[in-house]
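Consider the two complexes below, in which chain A is the common component and chain B and chain C are the respective partners.
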Partner chain A sequence: MSNKYLFLNSGFPRAPFGLGIGRYVCQLQRITLKFCKNRGGSRGIRGFIEHDLVNYARENPGVVVYVKPRRHRQPVIVAEYLNGDNQWMEVANYSREDVVKWMELLRTQFHNGPSLRWRKLWHTEFPSIQGPWTPFTFRNPMLNLVQLPNKEFGAAVKLGPTATEQLVELFKAQQLADKAVNDSCQNVEETSVHVQRT
Partner chain B sequence: MNVLRSCVKTIILSNGVRSVNHEGPRYIKRWVAPTQKILTKLKKSLGEQPEPKRNTFLEWNRSAEIYAFNERLSESFNTEKLEQAFTHKSYLIQEEQRQKEMEIETPVLAIQDNAELIRKGEKLTSEIVQTYLVQVLPEASEDIIISLHDYLLSEEILAKAAFHIGTKDIILTEAIAQKTLADTFLALVAALAESVDVNHTANFVRDFLIVILAEKDLTEVWNPAHPVELLNDVLRKQNRSPAEPRLIAQAGKNTLEVAYNVALYCDKEFLGSGFGQTIQEAKNTAAMNVLSRIFGLLDSNKPIKFNKTINLSS
Partner chain C sequence: MATLLSFSRFLNYAASNCLRRVAPAVICKQYYPALRLWETPVRTPIAEYRTAKPPWMRPIPNYQTEIQEWNEEREKICTDVTNEINNQIATDSTGRMFAVVQVCGKQFKITEHDIIIIEGFWPPNIGDQLKLEKVLLIGSKDFTLIGRPILNRELVSVDATVIEKTLSHTKTRFRFQARKQYRRINFYRIQHTMLRINSININGNINEKKEVEGLDRVY
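What follows is the complex of A and B.
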């Protein structure tokens, strides 16, 4: 992230004032095209004004379009939105096709898009319909029917073998091992006796 | 192949496919920083400047704006009524003053102000909101309907609604304030009722005002101070005994993370439960839980519908 974004406003995607719940309202309220009549940089926007602007205005009667020629200045598009945002963009040396695409983008977005950094790509006003978590939220339903005091539920929570139990285990294992060694010794003695007899 | 190659070469040379990406110097000129500093200093010395008014700009066409306002909302306002709804009394007074200063003896203004429309609109909006809420919240008590109604008709919400349909720049007034915006919304409602009819206006109010409830927690708006007493009143009306609170669980007593779980019973029947850091708080939460279950305002209830139409007979 470069320095340019350090002071950028950040936020979550929100629909402006119930848009889409009631009826759809185009959020672009007016758009101003500023251009120069004889500079080369304004060629694309002049092409747009000549060929596409009338159709654009006819298709979007809710958008007020202003055209402002000014001598020897860079061509600029200023879009104003219902939530009070303004988007200013310079369109010098843009081709007519580019201007068409940018005009479409300005019409379909609901605010000054580049001026907001998304913190997340989703947001909800109702994070939970279960309510906040409490220690009793996912309690065992068996507890509802049990007669208290109860030995089973009242017992301390057992997580693993205790030290005593571990010692007993070790002792038993040792005893088994000793027994096995003794048995093998006896076998060896018996065979030697057998050899001497023969 | 060689011929083709030479052909391509000649075409390229004759047309001149040269790099058009001319780049300027890759540094900022030495004079930029000092100039900017001086400009900023001058700006600061001027102090806070008033926000420029959009309707005083060169690129401003009022009739086009009014037309677009109508089209944007896909409404059918009568243009004269719309003009009247946007004209506040303060603007007319200001205009008269201006004409007197220009030594016009009898100032004549061909437009009317919207005082009458505001009065009518307030009454109508209130009626529409109330009827609509009663229809979509059939189980809710009168108390809830009134508090939601008051919330929707508060100056702040009305101003927000008016702002988001794009009235701010079109209003004719001396100075724009929250009250002006709120009044304009009411005037618009009355103007629409006079242009079309009341039932059509109800749809307008639903789509641009009542819709704010969709992203609002309703128990945040309707928040009784003593929910337990309120619950007892409700139960008394149903000829049932008052609610009996019982502590059903507690955890972490004498710690920072203490939690009590209080349930409310009525005639040995479980009504609902709630949590809190103190027993009183848990009791209130439980009562709120029971009340919102009775009135259909729980988080898990179906959300309010915003596609109903209402019939107002007038």
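What follows is the complex of A and C.
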């Protein structure tokens, strides 16, 4: 299994030079097409150079395009960006349509895409405008004036009768029952029984 | 004479019935737009789409009923709050505003000059100026406007620019079942579109119903 991504650089979304705040500027600075004139692997990129490259350069006047033939080497596209980043990609055995698509992708990005993993998909310089939530948000401001320690606010949250309280209740009920019985019978050993039970 | 009397009685009955029906809608037309969050909201019963009605169900009225409390004090509070917000908008003293927008099925909390990345195929190209129209909420230091579910697209405008379209890093999808001779490995990259939020604005006064809406764009 490929664990290559473990060694990948990661980062947070940033745009160079405040890009997009004013006028948008294409961030691709120069692009170099390296290819072989003979080999079949360079066929797609040769087709691109023959048919599409002039239009590409005309439509993107801000991009410098270099074409570099070299004998018996694999075809390569190298893109360099305004922020100093560059992307090298091999295009051996790519069809002409593929090369068109990859050239378009290299034009629309501003960093080396595959070498960076975004950790977030959101970046802001102003994390909170109404203030972050605190336990006192939307609470009664009278809480500020309370003298602490306070019995009412300092008490533990009471959810139900505890075991001790239930026992006390039971005991009281029993006492009442005993009292009723004793009252009716007027037993002499009342006090001793009561003392034993308590 | 008897027929006349009965006719007038019928008229009377009809009139009283109509009045009874009309009156609550007219009286309770005022509503409270700027209520505090933690108070119980005003409930408006909405007629449901249901054809088969069992006999024990209450008949659904064919007019919209608004059951609202009438309270001078609350009314005044609401008017004051609305006026204050309108005043802030008019004098441009709202300060920095934030918004919650939904783009491509995901919601982002954004403010001016934020960057958001949208995953998946999305047609806009680099340099395109977009207006994000699904605004669920807009807020500033002193107030928050909450859409039900979205705010009027003429009232608020959130502008953005597409600054990058690229592919993510190569992600690995590995499936494996122990002792079953089953393992599959796929690699894929997804499209990323980076947006820069240019501005968040409120155009015009809140709590104002315009005569004609939807003229801001033509299909």
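Details
Note that in this section the second predicted complex is superposed on the first by the 129 of 198 C-alpha atoms of A that agree within 3 Å, B and C clash if a C-alpha of one lies under 4 Å from a C-alpha of the other, contacts with A are read in each partner's own complex, and residues count from 1 in each chain.
We adopt the following convention: a contact is a pair of C-beta atoms (placed from the backbone, for glycine too) under 8 Å apart; a residue touches a chain by one contact, two chains touch by 3 or more.
Keep in mind that this is a model prediction, so the values were computed, not measured.
Using the contact criterion defined above for the overlaid structures, shared-chain residue A:P61 touches chain B, although it does not reach chain C. In the superposition on chain A, A:I21 makes contact with both chain B and chain C.
Touch criterion met: A:E125 reaches chain B and chain C at once.
By the touch criterion stated above, A:P135 is placed in contact with chain B alone, chain C being left untouched. Legend: residue contacts after superposition of the two complexes on their common chain; A:F7 is shown touching neither chain B nor chain C. Residue overlap on chain A between its contacts with chain B in one complex and with chain C in the other: 18, 21, 26, 125-126, 129-130. Taken together, the chain C residues at the contact with chain A in this complex read 37-38, 95-98, 108-111, 113-119, 125-127, 139-141, 144, 161-172, 174, 176, 185, 187, 189, 192, 194, 196, 198.
Those residues of chain A lying in contact with chain C across their complex are 1-2, 4-5, 8, 13-15, 18-21, 24, 26-27, 105, 107-111, 113-118, 121-126, 129-130, 138. Residues of chain A touching chain B in their complex: 16-18, 21-23, 25-26, 29-30, 32, 61-64, 66, 68, 80, 82-84, 125-126, 128-132, 134-136, 139. Listing the residues of chain B that touch chain A in their complex gives 54, 58-61, 64-65, 67-68, 71-74, 160-161, 163-166, 168, 206-208, 211-212, 214-217, 249, 251-252, 259, 261, 275, 299-300, 306.
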